[in-house]
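In what follows, subunit A forms one complex with subunit B and a second complex with subunit C.
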Partner chain A sequence: MTMKDAITRRRLIAAGGATAFAGMLGAPLIAKAANGSLRIGMVTSLSGPFAGLGEAMRDGIVMALEEYGNEIAGRRIELIVEDDQAKPDEGVRKFRKLIGQDNVDIVSGVISSAVALAVRDVVTEAEALTFISAGSANALARDAASPLVFRPTKTNWMLGHTAGLWAAEKISKTGCLTIGADYAAGREYIGDFVETYTAQGGAVGQQLWAPLGTTDFGPLLTAIASVQPEFIYSFFAGSDAVRFLRQMKDYRLHEKVKVLGGGALFDQEDVIATVKDAALGGLNTCNQSPTAPASQAFSAAYLARRGVLPGEMGTAGYVTAQVIKAALERVGGDVAAKDQLKENLLALPVDTVFGPMSFDPRNNQAILDIYVNEITESADGPVNQVIHTYQGVQDPGPTA
Partner chain B sequence: MSDTVKLQDAANGRAPAPSRQILALGVIAVLAALLPLVASDYQLRFVAEILIVGAAVLSLDLLVGYGGLVSLGHATLFGGAAYAAAVASRSLGADLTLMVGIGTLTGMVMAFITGIVVMRTIALFFLILTLIVGQIFWEIAFHWRDVTGGADGMRGLPTLSLNLGVTKLDLSSSFALYVTAAVLAFAAWAVARSFVNAPIGRALIGTRERQLRMSALGYDIARIRMMALLASGAIAGAAGSLYPFVNQYIGPNSMQWTFSAMMVVMLVIGGVGSLYGAFIGTAVYLGIQTYISSYTDRWQLVVGLIFVLTVMIMPRGIVHGVGSLFGGKGKQ
Partner chain C sequence: MSFYLVQILNALSFSMLLMLTGLGLSVVLSLLNFVNLTHGSSFLLGAYVSIWWLGSGAPWWLAFPVAFLASALAGLVLERFPFRQFYTRTHLMQVLLTYGLSVIFADLMRWGFGAQIASPELPEILSGVIFVFDMPFPIYRLFIIVFGAVLALALWFVIDRTIWGAVVRACVTDRRFVETLGLDTKRIFTIVVAVAAGLGGLSGALGAGVLSAYPGLDEEQLILALIVVVVGGLGTFRGTVLSALLLGFTMTFTKVWIPEMSNVAALAIMALMLVIAPQGLVARKVRQV
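Here is the complex of A and B:
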C-alpha cells in the first residue's frame, strides 16, 4: 500500500470519528428542543453484579409508562435511563449528568444502598425531585433523610424487624442461627432481625458471615449441619442467594432446617426462577409479593411480557412510575411546584402494586405492608405465597 | 527533523523544541480560559474530574512510560490519599493547602510502603505485587467501617475552601473546582516533566532500557525505582486529595484494582510516555462512559474496541495517532 493511500484511509477514520463526535454532542441539544414534555431520569445498574436486577427495574418503569401512553397529567413523558454499574462514584456522575446536562425534572432509580447514600448530597444540593426505587439503606430514612428525596420502597429495618416478629411468634424462640452477606446491607438486615427477635424473647445462637461474592458455602454449611439449628435467618442477594440455596440443597439441609430470609434471598424473578425447587419451603419477609392482592393484575401482565413472575426490582420500577404519576397528577403536572407536590404526595396514600403506600412526613419514607411469603409449588413453578401481612410497617425514622 | 530522530526523542521522553511547546501551552491556556464561558456547571465539574483523574493517570505514566513498570495498584495511592483527605476534612475542615498536603504525604507514604515490597521486581512480578499490596490497602478501607464508612463510603464532607490569611475563599462552585483542578493538573504535569528531564528521570529510562548496563555503571536500580514511585505517589496523592470534594463522596471503588486497571487503559488510549496523553486518555474514557452509556448498555464494548484499535493502529496513543492522521508523520 502506498503512503498516499494510507493517508486517505486515515483521513476517512478521522472524518468518521469527527462526525460521530459531533453527533454525540449535538444529540442532547436536539432533545432539549422538544418542549412541553416532562423528563424522568432513572439511574439503575445495567452492568456489573446487579445487571439482571437493573434490567428488570427498567422494564418495570417502561411497562408502566407504556400503559399510561407515555403521558402523565397531560404531559408527554421522556424517560432517560443511565447505568451506574452498582458503583457509587459512577452513580454520582450519572445523577449529575441527568440533572446538569439532560435537565430532567425528576430523578429516580438506584438499586445499591451505597449508591443511594452517595447521591444523597448531590440531589439535595441540586434540590432535585428524587424517587429512590430500591436502595434501602436505613440511614436514608434517618440521619441522611432529605426534604425532596422520596423513597417508595422499604428500608432494611422494615424487613429485618418483621422477620424478627414472625420468627419469635410463629417459628421458635430458641435454636436460631444467622448467616449473612458481610457488607452494609447484610449487616443491617441481620442486626435489625436480631434486635427485634431478642426483644421478643428469642435467643440467637451462632452468627456466621460470608463475604460478598462467596462461591463455596461448604465450610459454613458444615457448621450449620453440626449445630443443627431449628431455623436460620439469612440475608444474601443476587447470585450469592442462588448459590447459597443450591448448596443448602446439595447438603440436604433444606429439608431439615427452616430458612427465613430477607426478601432478596427468595426474590421471585432473580432467585426462585433460577434455583426452582431448592427454594421450596423457604420463608421471607418482603414489601413485594407476586401473589399479593394488589399485585395480581400486574403479576399476570409481567408474566406475559417477560415470561417470569415479577420480583422486587421489576415491581419497584413499576411502582416508581405509579408514585411519580400520583405525585404529578396531584399538582396537575406542574413539576416546578416542588413544595406543593411534596405536600400533596404526603397527604394521601398511593395505591401501588406493592400495596397501599403512604409516606412518613418526617423523612419521606414509604410506610408499607410487609408480606410474609412462603415458597410453595404452583402452576407457574415455586412461587412466593403470602401467608401473613404486617400492615403499615413504619421505619423508626430519625428517632432510631 | 527527520522522522527517525523524532521517534527517538519521543521514546526518550524528551520534549519537542521549546518554541513549539510554548505555543502549544499558550493555546491550551487560552482554551482553558475560554471553557468556563461556554460550558455548563455540570460540564465544568466533569472537566475538573477529568483533570484530577488525568493527573493520577499522568503519575502512572511516570512508572509505565519511563520506568517500564506496569502497576495495578495505582488507584490505591490515589484513593488512599482521597480517603486521608476526606477523613482529615471532617475534623480539620477542608482547606485546600492542607488537603493537598495531606494527600501528597499519604500518597508518598503509601508509595513507600508499596515500594519496599516491589522495588526489586519488574514486569509480571511487579504487576502482581502492586496488585496485592493495593488490595491489602483496599481491604483496610473496606472493612474499617468506623473511619471509612466501609462499603457505604463517606459523604457529608465539608466544602473545599482556601485560606488566604485575611479571607477564606469558598471553592465549592463548579468554576472554582475547575480552576483548582486545572492548576493541579498543570502543576502535576510540570513536576512530572521536570522529573523526567532531570538526571533521575534519564536514569529511570536507563533502568528500563538496559538494566544490566545501568547496574554495571553503578546505578542503584532499586533506589531509582523507589524515587520514581515516590514522585508518582506524590502526584497521585495530590490529585486524590481533591477527588472527594468534586463528587462530595468517596467510596472503596476509588481504591479497588479495577480502577487501577481503568487507569492503565486510559493511559494506553492517551499515549504511554507522553505525559499529557494521560489527560486525553482520561477524557476519552470518561467521555465514553458518561455519554455513550446513555445510548447503549454495551458501552464497555466501545471502550474495548477503542482500546484494541488504539493498540493496533496507533500504538503510541490517540494524541500521536491523530496528529499523524493529518500530518502523515506517524509512519511506523
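Here is the complex of A and C:
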C-alpha cells in the first residue's frame, strides 16, 4: 500500500516536472506558429432549424482545408467555427466575437439570409474580408452589397429566373400553379420565377402560399388535385420540403403533376436523402449539382466521407475554401493587402466544384453556371442529374 | 362535393394529431398542476424510436407500443427525479426546470439521432390511397383518424368509467383524502406522468408518418400542444378533444380558402378564447367553499 503510494507520488512529481519542462519549450513554439498562421472564422447554423445544413457546410470547409494540408499560400490555416442558431442577433454576436476577440483574418459562412443581412454592417464597419457561403437574398447583391463582402454563391433571382426560362421553353406556357413557403425567400423565388415566366409568354394560374413550418399540406394538396395543373413551380426548404414532397407522394400527386422547384426543394443531402423516391421525376434549377462535371471528384470524396452525395451546403463549405485559397494565393498569402486581394480575385475566374466562378465587380456577386437538374434513379439512389446548363448567369445587381 | 369531403377528412386527421399531441400535456397539467415542457421531447423521442423501428425490419405495428414504452420509461425516470421535487414549487420554477431539460434533450437527440431530417418507411399496407369519388386520400391518414378515435375513446373510458380513473380524479380533487384511504398517491402520480409521456411518444410515432422528425420538431409540437390545452381548458378530457377539432378544422379550412392565414387563425382563436372564456371551451366545475 505504502509502496504503491510512494510510486504514485514519485510519478506525480516526475509528471509535474515534465509538464513544466514541456511548457518552457512549448510555449514559444506555439506563439511562433500563431504569428505565421492565418485565421479563418466561419459562422454557420449548428443548432436550430438549419443544424443539418450547418454541419454539412462545416464538413465541407474542413474537408477542403484537410486536402490543402491546412496550409494555403505557405501559411498555416486555423479554422474557428461558430454557431449562429440561424438567428440574426446571435449571428451578429458571433461575427463581433470572431473579429474583435479571435482576431480572425477572414470571416465566412452564413446560411440564413436574415443573418447575412444583419451582419452586413458589422463586417463592413470592421472592414473585414468576408465570404458569404450561402445566404442568398437578392438584396445582398443589390442594396446591401459591400466592398469587402464576397458572395461565392447564388442569389434567389438566379434560380427563380432560370426556372422561368426553362418552364416557358421546355415544359408548358399554360397550366402552371405556384406554391411556396410564405416568407422572404419563398416570395423572392416565386416572384422572380413568375416575372421571367410571364415575360416569356407563360400564364400563371393559381398561386398558393403556405406558412413557414407548415406541418400538414393535405388541404393544399387536395386543392392541387382538384385543379389538376400541368406543372407546379414550388419553393420549400429543409423539413418543409421533405414534408411537401412526402405528402405529394402520399396523395399520389407525384406521378401526375410535374414539380419544378428551387434547388433547396430537391437538395441532394438535405431532402433527397430523406424522401428518396418521392423526389423522382422532380426538376430544379440550382447552382450546385452532384453530377456536374466540376463536382465529380468532390462528390465521390464527399460520399466516401459522409456516406451521402453532397447537397448545396456541403458543397458551399468546400467552395468557400476554394475561393479563399484562390484569393490568398493571388496575393502570396498577404491577407493585409485587402485592395490588392479584391482586385486580383475579381480579375480572373476561380475553378470551383460549383463550376467556373467569376465575380461581378459591381457587387462582388458570383456569376455562376445554373444547372437544370432532374431527379433520376442511380446506383446511389435518386440523384440530381444535370440535363441542361445555363452558363454564366448574372444577377441584375444594383440596377435591379 | 368530393373536394369538401376530402377536406373534412384532412381536417379530421389533422385534428387527431393535435389531440394526441395535446392529451399528454393536458393530463399532467390538470392532474398534477405541473407544467411539463419536456412534452415536446417525448413526442420527438417517440418519432425517432418509431422511425428507427420501422427501418429495422421488425414487425411494423410494434413500432407504436415500442415508442410508447420508450417515452413512458423516460417519463418514469424523470418523475422520480427531478419532477417530484418541483410539484409544490411555483409554475415559474417548473417552467424553468422543464424548459432547461427540453433544451438538454434536444441536444442529446441531435447527438444520438443526427441533425438530418428522418422519415419513416411506412409498411405497404399503410402507404396507399383511397379515392373519394375521384379525389385521393392517403390511407395513413385514415389510420391516424381511426387510431386517434379509438385511443380517445379508450382514454375517456379509463378516466371516466373505471375505478382507476376514479382514483386519479379523486387525487386531483383532494390528494390527502385519497391518502387516508390507504392509497399511495406518489405512485399514482408516477404512473400518470409516465403514461402522459408515453402518450407523447405514441403521438410522435403516429405523427412522424406525416411530419417527419428533425431537431426543432419538439418545440413546434410543444407550442401546438400548449395552444390546444389553452383553448380546451384544463382538467377536462372533452375540452382537449373539442379544442383539437376546433383548431384542426379552422386551420384546415383557412388553408383551403386563405392559406397564408392558417397559423394566424390558430393564434387568433387562442387569443379570443383567452378573452371571452379564460377557462377554456369546457371549464372544470369548481366548487367554491
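Keep this in mind: the second predicted complex is superposed on the first by the 367 of 400 C-alpha atoms of A that agree within 3 Å, B and C clash if a C-alpha of one lies under 4 Å from a C-alpha of the other, contacts with A are read in each partner's own complex, and residues count from 1 in each chain.
Everything below uses one rule, namely that contacts are C-beta pairs under 8 Å (C-beta built on N, C-alpha and C of every residue); 3 or more make two chains touch, one makes a residue touch a chain.
Just so you know, these numbers come straight off a predicted model, no measurement behind them.
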Partner chain in contact with A:Ser47 - subunit B first, subunit C second, else both or neither: both
Touching partner for A:Ala137 - first (subunit B), second (subunit C), both, neither: first
Touching partner for A:Lys87 - first (subunit B), second (subunit C), both, neither: first
Partner chain(s) touched by A:Arg96 [first = subunit B, second = subunit C, both, neither]: first
Contacts of A:Gln296 with subunit B and subunit C, given as first, second, both or neither: neither
First (subunit B), second (subunit C), both or neither touched by A:Leu117: first
Touching partner for A:Ala184 - first (subunit B), second (subunit C), both, neither: first
First (subunit B), second (subunit C), both or neither touched by A:Thr174: neither
First, second, both or neither for A:Asp270, with subunit B first and subunit C second: second
Shared contact residues on subunit A - subunit B and subunit C: 47
Subunit A residues touching subunit B - in the complex, by the definition given at the top: 3, 7, 10-11, 13-14, 24, 46-47, 80, 82-83, 87-90, 92-94, 96-97, 99-101, 113-114, 117-122, 125, 137, 139, 144, 183-184
Contact set on subunit B toward subunit A in their complex: 40-43, 45-46, 49, 150-153, 155-156, 247-249, 251, 253-254, 289-294, 297, 299-300, 313, 322, 324-326, 328, 331
Contact footprint of subunit A on subunit C as seen in their complex: 3, 6-7, 10-11, 13-14, 17, 107, 110, 114-119, 127, 129, 135-138, 140-141, 210-212, 214-217, 220, 251-253, 255-256, 259-260, 262-263
Subunit C-touching residues of subunit A, taken from the complex the two chains share: 47-49, 51-52, 54-55, 182, 208-211, 213-216, 218-220, 222-223, 225-226, 238-239, 242-243, 246-247, 250-253, 269-271, 273-275
